[in-house]
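What follows is a set of structures for review.
Common to both upcoming complexes is chain A, partnered first by chain B, then by chain C.
Let's look at the complex of A and B:
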């Protein structure tokens, strides 16, 4: 038996060497297939691992529990209906928490509620006018003088732009009209008038000049209301990178680093960052890629408005510094200089980017639309369809250790649950009482929609807005953002809350973290059983499902890979099969001889199978080695995420894949299977060869 | 020749007919053969080309079955056996020597000879190797043990084939024109060797040939013409 096997292996090895063409074709396909498998599965697993890490350890936990009556599936990172999903609600978190805590393998639960809100970031002119109005109100002469200087500066820039447009030949009448208005705002006479009669002239600025200035922007914020100290403890990669944690029992919001850097940052600066990242991190090329050239063109169009955002007092300084550094002539003004600075190519990008941050950025009015210490007015549609607004102070900026580059980790800004519930529009009895008390304390009132504008312009941000009909964002345009009016009373207004108030109230979903993350399925089933048992009517989903589109994207990607591999191996199967059939034909005489001498059909079958398996083992090993080599190499240099969708998948700008024995094993098992299947038919043909062919004359 | 008295019939054919399909027609290669061959005979099948020599040897060699009639080989009626049983019969009772030698190209000389023993199984490595060495000795190729078939001359290859046919100590050795691919001197030495084996082991040899010199050496000549035995 051993002797027979030995001779089989020997024969197969010799046959492999003597049928070089067949060996080369079949071996190459097998090696390539194994290589692809190792590469594909390890990269996919690495993607999934990095995604799992950024999803599980930043927000989702291993499991998510939410209301069984939800109309839409939970989508932590956004679903198809941006922010307006109905995922139901869990009226009393503490009840569910108690039941969850009793289930084995549950390490911790974190109460949550997701919402999307808008924050209006004011334009420069609006902000200056607001400051001026406040200064007038206080009778602060110094502040008024400063405001005048800044407003005249902005108007001056607007005037310059109007003149440039006139040269290009835009609508003349319109431009002349604008010019006249701007000219008036630049005269000393006007400002003297304003000092004498502030109300009327402020109104004139508001109605005539402000509309000529670029508008402010709307920031969309994804919000996560949660028990902040618990959240920080449980998701232990959480860290405050700037500012401070919201103290226990206090209201407050922590902005995510990515929101701060991407949404809150000055748009032009952010666009510059993006181009810089594309080239430096992702290895793309401005010179070669039209898409990047378009981005540069868009950036250049922002040069004038960006120049307008440079502090008036530093304007001349920035201008002359840029002039020197860019080697421009004395007559070239700041807008043109910035445009020159933004005329980027592969060669000058790094230097000009650095130059921007060295010279221009530090002198910008607002490099970021918000700052730590600001009080944000968050607005969102409440569950009853009202448009709610709440004020909340920015305490700090947070990120997740090791996941700083991930778009998923830190996709939300976190705030306390009490504020969340208010914005969501749910008040417990106790809270309603509390509200009433607050209103009394600070003289707040629920205002009808018609009065909103007045109330807001009164500089009183701590209001609860009760909209009488479906509110739209546009109704709030021009509202102030942040701490412009020195409006500190909003913070004083809210008394501290107790842990019981946090726990015994409404949440939308609950993150469940497990001790053993290999038993996600079991624990999910256990929670579902408990919910059934206690009549809690809960949905329990794993992090992949909870992640929404992102999680599904992963499943789809994996399916695509397997379909691709299936097709490759199907093709391989056909090719291997064909060349094996040909090889079998060539060996008809040899097989016939063996059969005549006394070899059974089974022996012939085994002989062919052993031959492919030996070839498969050798080729597979070589392919797997090549795959391991490549993945190891990629693991050290990283795969750049050249597309934005890849940034999401890679959970960062580069993926550092790792390969493990399981990938190699899987690839070898597949290649083994393919070898056997592709040989069955030719081997079967071989068993049909009649011994009589051995007797036929051959030379 | 010192032809011994037949001991017992080892091959019998009675009224054997063999048809081959040829397109829509059939060719009757054997038209009713009655033949008995006894143990230890050294028989040659002679006859003109197309007379049915190969067809007859195929039937005796159990690599083909008769269309009509009964073929009995070593006590077994071949028409009643399955492919598996026929294969077993060939492995244990028969040895083959082919016109084109038919050695397995990827195996060396020793391994080619060892091959049928491996198929048979049931022998220790030592027994097997001794058996191979002995037979290789007897065919006079002890020095070429590790050579591949393509490194051997035609005569040497046919000696290897003889060793392979005999290593299992078969009852019958069949050879279809074993000397046709050899020059006459070499062919003659091959026949000498076969004869020697026949005499020493009482192995029955049945072979076909066109060569009159070879025919002379046979103990018995069965003459075929047009699918019928005309003499022998």
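Let's look at the complex of A and C:
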């Protein structure tokens, strides 16, 4: 037996070397396939491990629990409904928490709620007018004088812009009208009048001057309401990078680093950062790329408005510094200097970028639309359908360690659950009754669109009805106005809340962290069973599903890899099969002779199979070695996360992939299988060769 | 006699088969001026208004609000009074500026003409005085019948430089009384956005004007973008007595919200 096997191996080696072209083609395909399998599976496994680490430890936990009546699936990093997903409600977190805590392997639970809100970052003029109104209200003469200085500064810049527009011949009548208004707002007489009669003159500024100034910005914020101290303790990648943690029992919001840098930052500064990153980090070229040149042109167009955002008290200083550093003449004013500063090319980009951050940015009124310590007004469509608004103080800026560059990891701004619930606005029974009473009082008929014209205009009612009541009505008699109590007061300072208030209330989803992350499936099943048993009607999903689109990424990528590998091996199978069939035909005489001298069909079949297996073993080993070598190399230098989404998937700025025996073994098993399958047909042909036929052909 | 009858028959037949006579621009402007003027009060104006918004798959939005107008100064204000959660919120329009106030946060925000009042599909212009002649140029489309009412159909295009919620509108004006029966609002692209019906008009004598002031007792607005969504506005009471002099200020609205 061993002797026969030795003969077979020797014969296959002889055949491999004697058919070099066939060996080279088939061997190369096998080696490449094995290499690809080792490389692909090891990198994918590494990505999946990193992604699990970043998603589980930043936001999701191992499992997420939410209402079984949810209309949409939970998508922590955003889904297809862009934040308006309906994932139902868990009315009392404490009850569900108690049941979850009793399940083996559950280490911790964190209450959560997702929402999307809008923040209106008012324009410079509106903000100054608000400050002036407040100062007038307080009778604070110092603050009034400061506001006057700033408003006159902004008006001065608007006037200069109007004059520039007049030079280039814009609508003259319109410019003259604006100019006259601005002139009045610059006179001492007007400000003296304002001090004497603030209400009317403030209104004049509000309605005549403010509309001439640049508008504010709308910021969209994705919010995660949670038990903040518990969140910080449980998710170990969480860190406060600026400011402080919201104290226990207090309301507050922590902005994500990503939101702060990408949305709250001044637009011109962000655009400059983006161009800088394109050239310095990504190696692109302003001089060669039209797209970047267009970005520079757009940046230059913002020069005038940016100059207007420099603090009035620092305006001259910035102007003078820029003149010196840019070598401009004394007559050149700040807007033109900023435009010159933004005239970027590959050679001056780094220096001009640094100059902006050294001289201009520190003196800007608002480099960021919001700052730590500010009170933000968040607006959101509540569960009742009405817009709710709440004030909340910014305590700090947070990020997840290693994921600072990831916009997805910083997709949410976190705030306390009490504020979250106020903004979310549960639809209470009392509100439903109130609505029903209002509706009943009016008694409005429902009219369908389909027959609206007949229903409204086809009856006997007269089109005009005379109201002969000579009196009127008193809107403040017997309604809620004037009796709205403390809850309608604009609140900035709120009383502290207790842990019981946090726990015994509404949440939308719960993150569940496990002791043993290899038992996710079992624990998920245990929670589902508990939910059914206790009638809680909960959905339980793993982190991959909870992550939404991001979580689906791995499934799609793995599917793409396997489809690619399947296609490659299908092609390989056909090529190997064809090569072997041709080789078999060439070897008809040899096989016929072997058969004539007593070789059984089984021997011939085995000979062909061993030949392919030997080739597969050699080529597969070479391919696997190449794959292991490349992954090891990548594991030492790291694969850079060139796109934002990759930072989250790589759990940091670089992925350091690892390769294990399982990857090599899987690749070899696949290659052996493909080799054997592709050889079966040619080997079968060989076994059919009759010695007499082989001899006749030789003749 | 037969000749007379035959002649009359021919004339009537010709008369009936003739297309409707197109209104010229001057006549249309006159109609717009008439209906604007009839809705304008020389003094002040206050209504108790009910707004109801129905949206597919969402809770209904209901409001009771008081609308204040001082047409001579183009001043306008909405103060929400019901439900309790919305009481004290308000809009104030001064010149061309629209501001929103929310007492829960004590803040004023500048809003545009396209603001959806209280999150409904109604706009400021649905509550304010009619300024069609001032804001739009008319073009005649034809004559149509809506239910039992014969109406002129006109296309209105916003005049240059005027900020309006809708740049193009079509209106159906009742031939006999010159009241708007139906209105369709379009985006600049030509897309139909809303269809509004005015099934009944009220009139009340104004001491300050010395004439009747007309107001739509009800407006039914159908959303043409989100089909199935609708908004209904009901003017439950109208008061034409003078308002306090300083009512149209931020300070007044704030004071009513405390």
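Following the convention adopted for this analysis, the second predicted complex is superposed on the first by the 548 of 699 C-alpha atoms of A that agree within 3 Å, B and C clash if a C-alpha of one lies under 4 Å from a C-alpha of the other, contacts with A are read in each partner's own complex, and residues count from 1 in each chain.
Just so we're on the same page, a residue touches a chain if its C-beta (ideal position, glycine included) is under 8 Å from a C-beta of that chain, and two chains touch if they have at least 3 such contacts.
The shown structure was predicted, so the numbers you read here are calculated from the model rather than taken from an experiment.
By the touch criterion defined above, A:584 lies against neither chain B nor chain C after alignment on the C-alpha atoms of chain A. After overlaying the two complexes on the shared chain, residue contacts for A:11 are found with chain B alone; chain C is out of touch.
Partner contacting the larger number of chain A residues, of chain B and chain C: C. Of the two partner chains, neither chain B nor chain C is touched by A:109. Looking at the shared chain after the overlay, A:598 reaches chain B, while chain C stays out of its contact range. Judged by the touch definition given at the top, the superposed model places A:58 against neither chain B nor chain C. Residue overlap on chain A between the chain B contacts of one complex and the chain C contacts of the other is empty. Contact residues of chain A toward chain B in the complex are 1, 3-4, 7, 10-11, 14-15, 18, 589-590, 593-601, 603, 690-692, 694-695, 697-699. In the complex of the two chains, the chain B residues touching chain A come out as 54, 57-58, 61, 63-64, 83-84, 87-88, 90-92, 94, 96, 98-100, 102, 104-107, 111, 114-116, 118-121, 125, 128, 164, 176, 181.
Those residues of chain A that touch chain C in the shared complex are 120, 122, 126, 130, 133, 174, 199, 203, 206-208, 210-211, 215-216, 377, 381, 383-391, 425, 427, 431, 434-435, 438-439, 442, 444, 447, 449, 452-454, 456-459, 461-467, 469-473, 475-476, 479-482, 484, 488-491.
Against chain A, in their complex, chain C makes its touches with residues 46, 48, 50, 52-53, 55, 58-62, 64, 66, 79, 81-88, 94-97, 102-110, 118-119, 146-149, 161, 174, 177, 179, 181-182, 197, 199-205, 212, 214, 217, 220, 222, 230, 232, 234, 236-241, 246, 249-251, 256-258.
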